[in-house]
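In order of appearance the chains are A, B, C and D, and numbering begins at 1 in each one.
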Amino acid sequence: MTLRIAVFGENRHEKVDPKVQEIYPEGMHTVIADCLREHLAADGVEAEVRIALLDDIEDSLSEEALAETDVLTWWGHMAHGDVPDEVAARVARRVHEGMGLIPLHSAHYSKPFKLLMGTTCNLLWRNEAEEERVWTVSGSHPIARGVPHPILVPEQETYGEMFDIPAPDELVFVSSFTGGEVFRSGCVFRRGKGKVFYFSPGDQEYPVYFQRDIQRVLANAVTWARPEHHDQAPVKIANAPRDWFRGEEVTHVI
Amino acid sequence: MTLRIAVFGENRHEKVDPKVQEIYPEGMHTVIADCLREHLAADGVEAEVRIALLDDIEDSLSEEALAETDVLTWWGHMAHGDVPDEVAARVARRVHEGMGLIPLHSAHYSKPFKLLMGTTCNLLWRNEAEEERVWTVSGSHPIARGVPHPILVPEQETYGEMFDIPAPDELVFVSSFTGGEVFRSGCVFRRGKGKVFYFSPGDQEYPVYFQRDIQRVLANAVTWARPEHHDQAPVKIANAPRDWFRGEEVTHVI
Amino acid sequence: MTLRIAVFGENRHEKVDPKVQEIYPEGMHTVIADCLREHLAADGVEAEVRIALLDDIEDSLSEEALAETDVLTWWGHMAHGDVPDEVAARVARRVHEGMGLIPLHSAHYSKPFKLLMGTTCNLLWRNEAEEERVWTVSGSHPIARGVPHPILVPEQETYGEMFDIPAPDELVFVSSFTGGEVFRSGCVFRRGKGKVFYFSPGDQEYPVYFQRDIQRVLANAVTWARPEHHDQAPVKIANAPRDWFRGEEVTHVI
Amino acid sequence: MTLRIAVFGENRHEKVDPKVQEIYPEGMHTVIADCLREHLAADGVEAEVRIALLDDIEDSLSEEALAETDVLTWWGHMAHGDVPDEVAARVARRVHEGMGLIPLHSAHYSKPFKLLMGTTCNLLWRNEAEEERVWTVSGSHPIARGVPHPILVPEQETYGEMFDIPAPDELVFVSSFTGGEVFRSGCVFRRGKGKVFYFSPGDQEYPVYFQRDIQRVLANAVTWARPEHHDQAPVKIANAPRDWFRGEEVTHVI
């Protein structure tokens, strides 16, 4: 079954900041979408990757569009406030129904992520081009497959704890920075039938999404976050009569 | 330090339903508040317990009132919609700052709980006066101290899985019902600096809050949920200069 | 890459108990192995399934044999004590290195599982052919894919809490029984680079492994438990000089 | 109720290494015991603190001695192998029964901790007197009460990930070091009725246990780890007849 991916890009820094334009002349979303296409093809995962921009968000993240999206990556920063509340609620509902969500970097403050977390999602930050080292702390997680320990990001914005999130269901990566801060940089959350993976590397002022190891994580995450197509959960029936679950014969085979 | 507790009661079923009036003639909140006073006194915990009703919610759960509340218990059912959104957001913010929250029974659908969970909080239900058995599944949790295994509730509304919540940070109780359903009935969540304990027994049509074992859980939970008065977390500073955390001498003693 | 599965069967009840012989004339391991072959083939998962018996355990679970095993299912009951300590330790080490382990039913008391848990793994039990209902409590877990909610097992041995295990990393299933007990019947643990899924249905006196839904869980679990082939974790180097992780150029692509 | 604490000290480095003798002339255990006495007294916690040494381990950690111990702190390094296997198993059993255990620093490799974890407990290390910064990542944990964010340890042995432990039930502290490594330095585990808190600062070559903030963590941990005196869990009965849990009247009060 084709994995249907939407790459949401705010695409604002790219329009107003020459430094960002130089790194990402065609937008960060283009680089993210291209690397997903390439890595998933190499992995043998049949996938369709489309781009969804803030400028056309009512269309690109409409009910209909989201209904046909399996996994949504989300990069936003300066324009979180321009995402309509109803779109954010719609995205959260789709996660409840099974869509995967991959919030990236400053999307810790995006509306859908905050709705799904129920916390402030505050953190400490400093933009001084420090080195980030992304250490794997889960020995068996598919999202960490094939990446070095640590992944080195030569220059990055520094994020630091306390990161005000619920304790992740699974903690995959922890980063340190030149200045000494640490950050839970790869965090798994399950919400309803949907899976969420927050991944912090990727400030717009540094060419982070061009790094092969970072791309590997994105591709791993998207594959992991696909819906599981459970019929049973969460509940479809609400008020359930006694013995509602009986009545079908149990099938014995072999 | 005195533990300052507020017992929120919707107090609507008690006004309109003769069956509920008969069980709780002075309101469910009165029974909950009284049992907390009695058990905490017996435990040697200095506590003040006040009642906060939906009818005076703008006062009883004002910014000022919440600022002086350490732990808030919450019972609501038919009138979740009458809780103003701003009050619900205020309660959630206070939890982020450290206030404990104990949502009871149908408060799985209360606005503050849903804001803190980020999920639908849906469940399956049936009101047929079934027996509930509340089993402890955590061998070392203070909230389960001193209760039998299982706690038997002779008649209760049935709640069943899938309960659409994030995986609890700690699962303390799991219930079964006569009809065969199971339910994660005692769930710990940490959100910001605040602790949340959802406890499902307590439908208004049954005298559940008169049971000594149930009262024991409520008293345990309130004591456990008190703020820890951390200075450091979550972050107060946001944009932090390099080496912001240096400068004070490390103190060596003994 | 072919998924290499070993199905460990104690194969003792089948030799001495006519009731078990009638249900499983060719041994429980045969039914488990056959259903894995069938379901994985239908799923399009290339797999090799071999049987490992207690009678030839030094060969079938030798270092060499385990080194070529990706996932090991384990059913044992009356003869846990006949498993040599060194074989149990060897199995645990292979889990640390990445092999998946699926302990079934009474294997809660098997030596490898106890070594990996660090607890007594005690539970409460009663063999009175009660109905078991296996409820899914995780809305997005691949092990629960495609099974009804609940799975009904018409007759089973009853297992009940407290089940003395560490809190599972992910709780997938919770069962109830006719007598009112509950049990955490589907539990995920990660140990080193290996994944463990304990699944409790399957007493030898009932034809549980002939049920299609139970077989579906086994096939899901085996697929999920395959090694992730991480190079980086856990550590291979121990005493690490400063800057050991630097030296290779960071690769930027696209 | 008096909190009965035993401070286990290996007391070997102190005998053979002049550098350690200079820092801890009366042994590391003496400093740990004294600081616990002082801090708990200041906290108003009634406590008795005794010392248990490797040289008298058969007496100081006998069945009788452990039966009267509520919380055991454990520091060991060069002589893990000299702890008899039976003593290690006895300590683990007492944790299952409710005793708290606080393994410190190199006790990640102590026999009782490894028995309770079920993993290799491997880690990466380097002894170059690097700065350690201990960051709180849980906003509401009692073990982090009253400590700065971060705690600065001017010179310490470096520990780094992968730390091969099960995912902690609660992650309280994460450290970074000058060289860039990160380490999960404060980890909560629950095993049976007992609580375990692993805390990594404290190499013998540095005066870490003289730091007031580190002492604060030790005192918080010991108070937190006290047994909860649950009657019900884990199971005392094994083979349970149907309805074993019925028969006593439910008590309704107030």
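Note that in this section contacts are C-beta pairs under 8 Å (C-beta built on N, C-alpha and C of every residue); 3 or more make two chains touch, one makes a residue touch a chain.
Values in this document were obtained by computation on a predicted structure and should not be read as measured data.
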{"item": "Copy pair subunit B, subunit C: interface residue numbering same or different (half cut)", "value": "same"}
{"item": "Between subunit B and subunit C, centroid-to-centroid distance (C-alpha), Å", "value": "36"}
{"item": "Distance from the mean Cα position of subunit B to that of subunit A, given in whole angstrom", "value": "31"}
{"item": "For subunit C, residues that touch 2 or more chains besides their own", "value": "133, 136, 138-139, 149-150, 160-162, 164, 167, 169-170, 180-181, 190, 192, 232-234, 245"}
{"item": "Touch-based graph of the chains, sorted into line, ring, star, complete or other", "value": "complete"}
{"item": "For the subunit C and subunit B complex, residues of the former touching the latter", "value": "131, 133, 135-139, 149-150, 160-164, 167, 170-171, 174-176, 178, 180-182, 184"}
{"item": "Of all residues in subunit C, those that touch subunit D in their complex", "value": "92, 96, 115-120, 122-126, 128, 160-162, 164, 166-167, 169, 179-181, 189-192, 232-235, 237-243, 245"}
{"item": "Residues of subunit D that touch subunit B when the two form their complex", "value": "31, 34-35, 38, 98, 133, 136, 138-142, 144-150, 152-154, 169-170, 190, 192-195, 207, 210-213, 215, 227-234, 245-246, 248, 250-254"}
